[in-house]
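Letters A, B and C mark the chains in the order given here, with residues in each chain numbered from 1 onward.
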């Protein structure tokens, strides 16, 4: 019998664009599942947000990524979409709404410098992330 | 015993670049699988196409995303690849050829505004999408 | 009882930026797993590398993709991150650190023109790729 776990976790964002570290939250779900080896899927049910895995040490990496996105996908640059957040949708499409991470020895098998980030591109808003852990 | 289902579904595209809503098709495979909880993987076996999850309501979001891609990855801009579709390969690499979506209560656990799209970047062509549903 | 397999494979890169074909390596893990149908997950535990699925025939496609990334995410362009590899992190975020591929008849169900590539954006370095095969 395979262990399984799926959880919907609330995330509160505070700015129009920001990356929020959800690594500990995801790891808590992995540990609660008691699954020792498998995969963990992280999904945002939103069209102006994303999930990114990247640098967990120097916060300037995040500001560089956000600045690159803002420069290359500027807000309010003559888009057809009337809600003023076309750039947010494009950023979400580029970074992507989901990632999968291996689970080993009952925890996320991330690299030393990797963290998991909720990417807000049209906040602040109450958001959700859906975490599914599957045993191999 | 886990329920399982894998299906290869034909998709016909009509333009060089377009997004085709395949949400209902994917949901039909999920329902046919009778799997109640798990994950659904959507894969395109093509190098000039992609799978995107984004806005399902206002079609202007799609035209904004396509226009952004055409502006930043223009066709015929001095590429080395001789087939005239280097831009299509780059767009495919940026959006990505596959996505995974949670399954809950026997259906796709998408957000209210999310749809699943086959992204054609070098059509029109007959294409395929491979859908795999796994029980947790 | 489900078959399972997870392997960590070393990858040696030789340039600052390059794509290394790991398709045969991934397929070897699939075959060693003896899993006939399921999914194969390919993950890089690094923040300046990525996994891409794209053209396996004409190498000019890869040079076009690398050139596009270098043009749009130039190295040393006034980033805040002090290690000189902010561009590598941004490229990693755009292409993404992981991909999932269907497994059918005991092998990767890739399209005819698809290969799996380790994307180095801050080499040369010794790297790793973690391959997980799950039976459906």
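We take it that contacts are C-beta pairs under 8 Å (C-beta built on N, C-alpha and C of every residue); 3 or more make two chains touch, one makes a residue touch a chain.
None of the values given here were measured: they were computed from a predicted structure.
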So what angle, to the nearest 5 degrees, turns chain A so that its CA atoms land on those of chain B? 120
Over half of the interface residue numbers used by both chain A and chain C, so same, or under half, so different? different
Cα centre of chain A to Cα centre of chain C, whole Å, reads 20
Note: chain B residues in touch with at least two other chains are 2, 72, 94, 96, 100, 134
Residue set of chain B touching chain A in the complex reads 2, 37-39, 52-55, 58, 60-61, 63-65, 67-68, 72, 94-96, 99-102, 104, 109-114, 134, 136
Show me the residue ranges of chain B that touch chain C in the complex, using the header's touch definition. 2, 4, 6, 41, 43-47, 72-73, 79-83, 86, 89-90, 92-94, 96-98, 100, 128, 130, 132, 134
